Each structure stands twice: as structure tokens, then as C-alpha cells.
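Next come two complexes, and both contain chain A; in the first it sits with chain B, in the second with chain C.
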Partner chain A sequence: MIYNLTLLLNGITYAGLLFVVASGLTLVFGLMRMVNMAHGSMYILGASVGWLLYKISNHNWVLALLGAGVVMMLVAFLLQLALYNKAYGNPILGIMISIGVSWIFTDLSIELTRGEAKAFSPEGIVGSTFQLGELTYPYSRLIVLVVAIAELILILIILKKTKVGQIIRAGVDDRDMVSSLGINIELIFLGVFAFSGFLVGLAGVLGGTMVSFSTDGAGSMQMLALMVIIVGGRGSIEGAALAALMIGLLDSFTSAYVPNISTIIVFSFVMAVLVLKPQGLFVKEVRKQ
Partner chain B sequence: MHESVLTLNNVEAYYDKLHIVQGVNLLLDSGVTSIIGRNGMGKSTLMKAIMGLVSTKGSIKFFGQEIVGLKPYQIAQKGIGYVPQGRRNFPSLTVDEHLTFCASSGFSSEENRWSSDRVYDLFPRLYERKDLYGTSLSGGEQQMLAIGRALVLNPRLLLLDEPSEGLAPTIIDQLVDVFEKIRKENMNILIVEQDLNFCERVTDSTNVMVNGQIAFSGSLRELRNNAELSRKLLGIG
Partner chain C sequence: MRKSNFRFGKKTRTMLQLIVLILSIFILWSLPKISSRFTIYMISRIMYMGLMTMSLNLIMGFGGLTSLSQAGFAGIAGYAFAIYRVSMKGSYGAAVLIGLFVVMTAGLLFGGLSVRTSSIVFMMMSIALANLVHLSSLQLTDITRGFNGIIGIKGPTINGKTYSGTGNTFYIIAFIVPISYFFLKRLVKSPFGIAIQGMRDNKTKMSSLGFNVNVIRIVLVVISSLFAGIAGILQANFFATMAPDYVKTEYSLMCLFMCIIGGAEYLEGGLLGAAIYLMLSNFISRYTRFDDAIIGGLFIIAVFLIPNGILGEIYKLYNNLFRKRKMVSLESGMRGDVHE
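Presenting the complex of A and B:
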């Protein structure tokens, strides 16, 4: 019973991390039609930058978290201005450019961490555990979940209630049409990509606290984030949240009960979605362009 | 000197590397004008060229200002409202959001300014459906929405690509009335159409497009009365 409850909580909190990583990617993919193959390495670079700040600041975890977010936001901003906007309307070029960028970021991360696996283990509440009946559970995982839920609510409010949100929704549907209505959609791309950088920077430190991080984890995080947006549907935030939850739970339980075939099961699920509902499980309608 | 609304000079446009528009010269005066022609003659691509949505060579002047090479949003901001073929409303926006998120005071005088409220006055059916999503409407309602969305930009020129396509005759009658109302407020309109009867009811002059070029400019009546010409250009008569 306690064991299953722990697995359930692990699945849900892992889903929280996946959502924070994938939410930016799905907005970027939905709006810019570009698969940012450097997203996983941006996650690791965010963690590495956070690690540097963590050391410099004598283990100030909050500073590391927010600092990583802000630095990665600036990195994304410059990346979009200097490179990614050249790939506008050319998905293959976008993939090639971002793969190149991912190598650079991975090397930078190796430089910052000397290529060693690291884990944030701050003192105080973030690094401690709490007791719920017979269950002992780390606060850090709970914090990841709280951040994920707060982010979900924030993005939904922006998308549903603000003008920028309306432009983003319309842009995911049909970005040429939005541009034909007098709206500078490339400026919106820049803002959304910078925001996605901020989120992935936060996610790096959160993930490095919840479990650990190492520079060779960039590829698997990239793959997981892609799986979340495939299942959730391009550009859908609610979809990303539900898909993260499904993949998080599936991973948590299969790793515990059938560890040998856990990866096979998770991938089979994603492939089944690709075959049966290629536009994703939670997308209303897809416009062909 | 009298300034024309739109002047196209040797305009060439490409769509997926296909050379669709092949040297179009066109002078558009104020009022309602149409471009007609059979399917695949390059009418829609010409509209896209004016909006900056396809790669274009030559010169397109809008109230004397060159717009070739500008981005679509810059062209729209100069005062062109585009109603594309197939309407292209947004599945993720409600009717009301369509009429507010891109609204601009544009080029209309205060008393003629198009707001969502005025669009609802023009199309009461849209008001009844204001909380529905853009693509859950009927074909006629979607066309009204696409026109409304262009009107709230308060443009100086409306570009409409096959507005009557797929609509029931009663809805087409409504559209004719609407264009009559809009033009009274000095809105310039350029319509691309295949439906000659519709064109005859709303436009002053027409241009026929054949194989990527303008083959005839004049009145639709003149074209109709010349059986040989209309057979040659439109394959009818």
C-alpha cells in the first residue's frame, strides 16, 4: 500500500518535471513549427548554470533556480535572434541548426560541471523530507509539483485571458493568417521562445534537485519532452499536462513492477498514439498548411 | 492628381517554385472591383502576392507606397484587410475573440469605425454565436466572421478571395447587401470570384485573369455581350 502510494506520488511528481520541461517545447513547436532539438541540452545547461550559481552563492538554492531560469531565458532570446529565426518556414534547417546548438550546449555543460553527475542537496526545507502517516517523502519532489501546477495555471490564464494569449492560440492554428491581420508574429515567437528558455532553466535545477543531472542526460530528456508533446498534441498546454501525467505514471509503475520492459511499454504507448491519433490525444482540430 | 488605390506593375509570383502569376499589370481605382477567371489561373496567388504571403517580383503600390518586400503584418498595417479563400478562421478562438484580438483603429474616421459591436449589427447571427469557436459555425457564418475580422482592422482596401464559394443563395443575397453597405462608407473592395452573377451584382468593373496574366479589363456587361470574348477568356457562352 505504502509502496504503491510512493509509486503514485513519484509518477505524479515526475510528471510535474516533464511538464515544466515540455510545456515550453510544445508552445515553440506549435507556434514556430520548429522542433528545437537543443531543448534537452538547454535543460542540462540550465542545471549546470544553476550548479555554478549554487556553488558561488554558498548553496543558495532559490538563487540557483531563478538564476538558471533568467540565464536560459537570455540564451534563448539570443539564440532566436541570431539563429533560429533563419529557419522560419524550413523545418529541416531548424532541426539541423538546433542539433548543432545542442552539441555546443552539451560541451558548455561539461565545462561547467567537469562532466560529473551532480545533485542539488540544499539544507533546509528543500532538502528535507516530510512524514505522512507511514510515508516519508522528500519535499523537493513536492516543490517540483507545486511549480508545475503554478506554471500550468499561469500559462492557462495567459492563453485564455490576455491578448498575447489570444495571438498565441491563433498563431498555433494559422500563423500566416495572424500575420495577415497586422500582427508581428515574429515578435511573439521571440517572446515565447525566451519564456520557454526560462522554463527549461527552472526545470534543470528542479530535476537536478529531485533526482540528479549529468551531461549525458540531454538526449533522454529531449526524447521524453518530444514524447510528451506527441501524445499531448502540438501546441496544447492542457495536452502536455495530461500527457506528462500519463507518461510519468506509466514510467513510475512499470519501472517498479516490470523494470526490464518499462522503456518498451512507455515507447509502445507513444507509438500507439502516433499510429491511432497522430495529431495527439488532446487536440481539437488540425489545420493543414 | 487622382491617386489609384492599387497599382500592379509587371507582378510575378511564385507558389512552391511554380511561376503562377506572370507579369500582371493592373490599376485599381476606388470602388468595388473584381478579378474573375477559371480555376487555376492564378487569382488566389495574386491575392497572396498583394498580402506578401508568396515570393513576389515587380511592383505593387498601395496608395502610392511600394509594398513588395514588406511582411504580411506590415502590409496589413498599411490598410489592407484580407479575407482568404476558405475563410481560415481560428479553431482556438471564439467568435468574439476573432473580432477583438486584432482590432485596430486603422484608417476609418471615428464615426465609420468598425468595432465588434458594429460587426454584430451587420451580422446579428454572429452575436448569437459569439462564444462559439471559429470553425464550429456554418459556412455562411464563417464567411461573415472572416469579413468581420477584416473589417475591425479598419482597412482602406478589403481583399476578398472567393467570398461566395460554397454559400447558399440566400446567404449570397445577404453578402450582396453587406457589400452595398460597406461601399457606401468609401471602403475599397477587390473581389476574386468565379461566380459571375455574384460579381455582376456587387462590382463596378472587372478584370479577367488567364494563365497568370490579366487578359481583359472593363465592365462585366461588355464582356457578357461579347460572346466570343467570354468564350475565349472564361470558357462560357
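Presenting the complex of A and C:
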């Protein structure tokens, strides 16, 4: 019982991490029609930058978290300004560019971490545990979940209640119409991409605290984020949250009970979604332009 | 497509191609006598990576589907081959057939499952597949032996000589790769090859002309995975080892790099791209440890400067110099469509 409860909590907190990583990707994919193949290596680069700040600031975890977010936001801003905006309306070109970028980022983060696996182990509340009945559980995993939920609420408020959110939602549905209404869509792209960089920087430090991070993890994080946006549907935040929950729980339980075939089960689930609903599970059918 | 005013007859051309094929195999076979071991090592790697990239050229340049799972398919075939050869102690021929059968089944499954998807979702599925193969090779420890990999894969024994390891496998690679190239070349000129190019350019038109686009697409994925599988078996034979490191997703991305650099629209672009990439990475990593970053930067520059690849640029130059009437437009950014 307690074993299953642990698995459940692990699955939910892991889903929180997946959501923080994938939400930026799904916004970018939804709005810019571009799959950022450098997202996984941006996650690792964010964690590495956070690690550097963590070392410099004498183990100040909050500074590392926010610092990684801000640095990755700047990186994403410059990236969009210099490269990604040239891939406007050409998804394959965007994929190519971002693959090149991901190699550069991977080498950078190898340099920052010296290629070792690192984990944040801060003191104070983040590094401590709490009792839940007989179960002892670390706060660090819970904090990831709290951040994920806070982020979900924040993004939903921005998307549903503000003017910028309206523009973004309209852009996901019909980009050309939005730009023909006289809205500077490139500026919106820049903002959304920088925000996605901020989120992935946060996710890097959160993931590095929850488990650990190493440069080899870039590919699998990229794949997990892609799976979340495949299941959740392009540009759908609620979809991404639900998909992250499903994949997180599936991954947690299958790797405990059938460790040898857990990846195959998760992958088959995603494939089944693609075959039955290629648009994603939680997206309303939008008429094709 | 290109048209020249002077053409050989069909039979003469086939004969000429066969003669060139046989000649090139013999020239390659005589190379180990005159060149160093390292050169042979590099040529072997270029050739099987080139074959893997040519399978990507087929599906991407001709079929219009960006697949990032060529190394995944190669890994499936390589693992099936290695497991049957080493764990079950089967014969070489049977192991090769099983490897090819398994990879074609995987290609059929993948192609069938992905047939309704758009090209961008296809790409995401293919990278997920590549990652699945890598993670499975680590997780399915009962059959893949996990991190240790399967070691001691023996090549075929012909006339009392066993062809395995980096030195001897060259003869097999130099035999198989030109033949595969010949078949691929015939394939893209065949009615099926024209049909896949038609599917790339205008799917709706093709289906209204009575072609079953879905079947063509599945067959294309199967054929492409078959050739990637051949490359994977050659690789397993070459290193005499099959380990998770050989099926990393990075290899699939490298294939893409080679394909773009060489020229996605030309089969030869795969070989050229493989040669450029392998020599470049070998050269750069001698001087700095930032070799991946430099290659990534070069890739970005190449994507912008030579979107048609080196061969594409050469053909464009040739056409501009000698055939005034042709012009190449960069409609999709990656693909040069020739308008007459």
C-alpha cells in the first residue's frame, strides 16, 4: 500500500516536472508551428547554469532556480532574435536549426558540468522530508508539483483573461488572421519563446533537485516533452497538463512493476494516441486552413 | 527532373551501370593493398554511414518525410542480427535474414501507424522511435545485455577466412554498399520512385490520379528501413559489437546532418555528406573538445547558405552555366524544385 502510494506521489511529481518542461514547448509549437529540437538540451543547459550559480552563491537554491530561469530566458530571447525567426512558416528548417543549436548547447553544458551527473542537494526546507502517515517523502519533489500547479494556474489566467492571452490563443488557431489584423505577431513569438526559455530553465533546476541531471539526459527529456505535446495536442496547456499526468503516472508504475518494458509501454501508449487521435487527446478539432 | 538531350537505350544503360558497379567493387577491394589501415577504417565507416544516410535521402529527399529514426532502424536490425548470431549461435546468413525481416516488420508497423500523420508529427514519432530503440537497448537487459552490449559477433567464413572486425569487414562493406546504391538508384528512377516524388510534391494530385498514397507511403518507409537495416548489420559486423552507444538518437541526427550537407535530393549526397561529416569531426576533434558545437554551428550555417546541399549547389551552378533555361527555386527552403 505504502509502496503504491509512493509510486503515485512519484508519478504525480514527475508529471509536474514534465509539465514544466513541456508547457513551453507546446506553446512554441502551437504558436510558431516549430518543434524546438533544442528543448531537451536547453533543459540541461538551464540545470548547468543553475549549478554554476548554486556553486558561486554558496548553495543558494532559490537564486539558482530563478537565475537559471532568467539566463535561459535571455538565451531563448537571443536565439529567437538571431535564428528561429528565420524559420517562420518552415517547420522543417526550424527543426534543422534547432538540432544544430542543441549540439552547441550540449557541448556548453558538458563544459559547465565537466560531463558529470550532478544533483542539487540544498539545505533547509527544500532538502528535508516530511511524514505522511508511515510515509516519509522529500519536500523537493513536492515543490516541483507546487511550482507546476502554480505555473498552470498562471498560464491559464494569462491565456484566458488577458489581451495577450487572447492574441496567443488566436495565434494558435489561425496565425495568418492574427497578423493580418495588424498585430505584431513576431513580437508575440519573441515573448512566448523567451517565456518558454524561462520555464525550461526553472525545470532544469527543479529536475536537478528532484532526481539529478547529466548531459545524456537531454535526449530523453526531449522525447518525453515531445510525447507530452503529442498526447496533449498542439498548443493546449490543459492538454499538456493532463498528458503529463498520464505519462508521469504510467512511467512511474510501469518502471516499478515491469522495469524492462516500461519505455515500450509508454511509447505504445503514445503511438495508440497518434493512431486514434492524431490531433492529440485534449484538443478540439480545428478546421484546417 | 533533369533531362539530357542524348540518352543511351535502356538496356545499354543498365549494362553500363552494372559494369561500373562491378568495377567499383573491384577497385574498392584492391584498396587495402595500397592504403593504410586508418584510411580503410574511415572508408568503411563512410560507406556504411553513407548507406544509412542514403536511406534517409530516399525517404526525405524523394519521399518528403523527415525521418529521424534511421539509426533506430539500423539498431533494430543490428540487434536482431547480433542476438541471433551470438545468443542463439545461428548461422550468418540466417542472422542477416532475421535482422532484415525484423527491421522490415518494424518499418511496416511504424509506417502503418504513422500513415495518417502530417510530416511534422511523423518526424516527432520517428525521433520517439529512435529514442525508444536506445532506451530499450538499455532496459531489455535479458536479450540486449544492457550496457555491456553483445560482443564477439562473428562475420561470415568464406574460404576459411572469417570476415569480421574493422579490418576484414571492409570487403563485405565494399561489396554490399555499391550494390545497395545500385538498387536505390534503380528504385528512384523506377515508376515507384517517380510516384514517391509525386507524393512529396502534391499528395492530393497523386491520390486523385488513382495512386493509393497511403500504401506508397508505407512501402517507402519499409524500403527505407530495410536499407537502414542493412547499414546497421554492416555496422554490427564492422565493430563486432552491438551496444547501446551505437543506437543513440544522435546518430539519427548525424544522418540528417550528412543528408543536408551532401544534398537531400540526390542519393550520392548521402555518401558525400557522410564523408564530409566523418572527416570533419575526425579533424576537428583532434584540436578541440568543442567538436560537436563547431559542427552544430557549421550545420546551422550550411542550412542557411546551401539549403540544397553541396551536390544541389553544384548542379545549380552547372545548370546556370550550361543550361540557361533552367532555374532552381527554393520553395520550401530545403528543397530545390526545378521549373522548366
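Side notes on the structure shown:
Here, the second predicted complex is superposed on the first by the 287 of 289 C-alpha atoms of A that agree within 3 Å, B and C clash if a C-alpha of one lies under 4 Å from a C-alpha of the other, contacts with A are read in each partner's own complex, and residues count from 1 in each chain.
The criterion applied here is as follows: contacts are C-beta pairs under 8 Å (C-beta built on N, C-alpha and C of every residue); 3 or more make two chains touch, one makes a residue touch a chain.
Quantities reported herein were computed from a predicted structural model and do not represent experimental measurements.
After overlaying the two complexes on the shared chain, residue contacts for A:N184 are found with chain B alone; chain C is out of touch.
Once chain A of one complex is fitted onto chain A of the other, the partner contacts of A:V28 are absent, as it touches neither chain B nor chain C.
With both structures placed on the common chain, the touch criterion links A:N260 to chain C but leaves chain B unconnected.
Using the contact criterion defined above for the overlaid structures, shared-chain residue A:M210 touches neither chain B nor chain C, since it reaches no partner.
Number of chain A residues touched is higher for C, counting chain B against chain C.
Contact with chain C, but none with chain B, is seen for A:T106 once the two complexes are overlaid on the shared chain. Within the superposed three-chain model, A:A244 lies out of touch with both chain B and chain C [touch as defined at top].
Looking at chain A, you'll find no residue that touches chain B in one structure and chain C in the other.
Contact residues of chain C toward chain A in the complex are 66, 113-114, 116-121, 123-125, 127-129, 131-132, 134-136, 139-142, 248-250, 253, 256-257, 260, 289-293, 295-300, 303-304, 307, 332-334. Residues of chain A that touch chain C in their complex: 33, 35, 37, 83, 86, 90-93, 95-97, 99-104, 106-108, 111, 219-220, 222-223, 226-227, 230, 259-264, 267, 270-271, 274-275, 278.
If you check the complex, the residues on chain B that touch chain A are 51, 53, 71-73, 75-77, 82, 84, 88, 90-93, 97, 100-102, 104, 133, 135, 149-150, 153. The touching residues of chain A, when paired with chain B in their complex, are 163, 166-167, 169-170, 172-174, 176-185, 284-285, 287.
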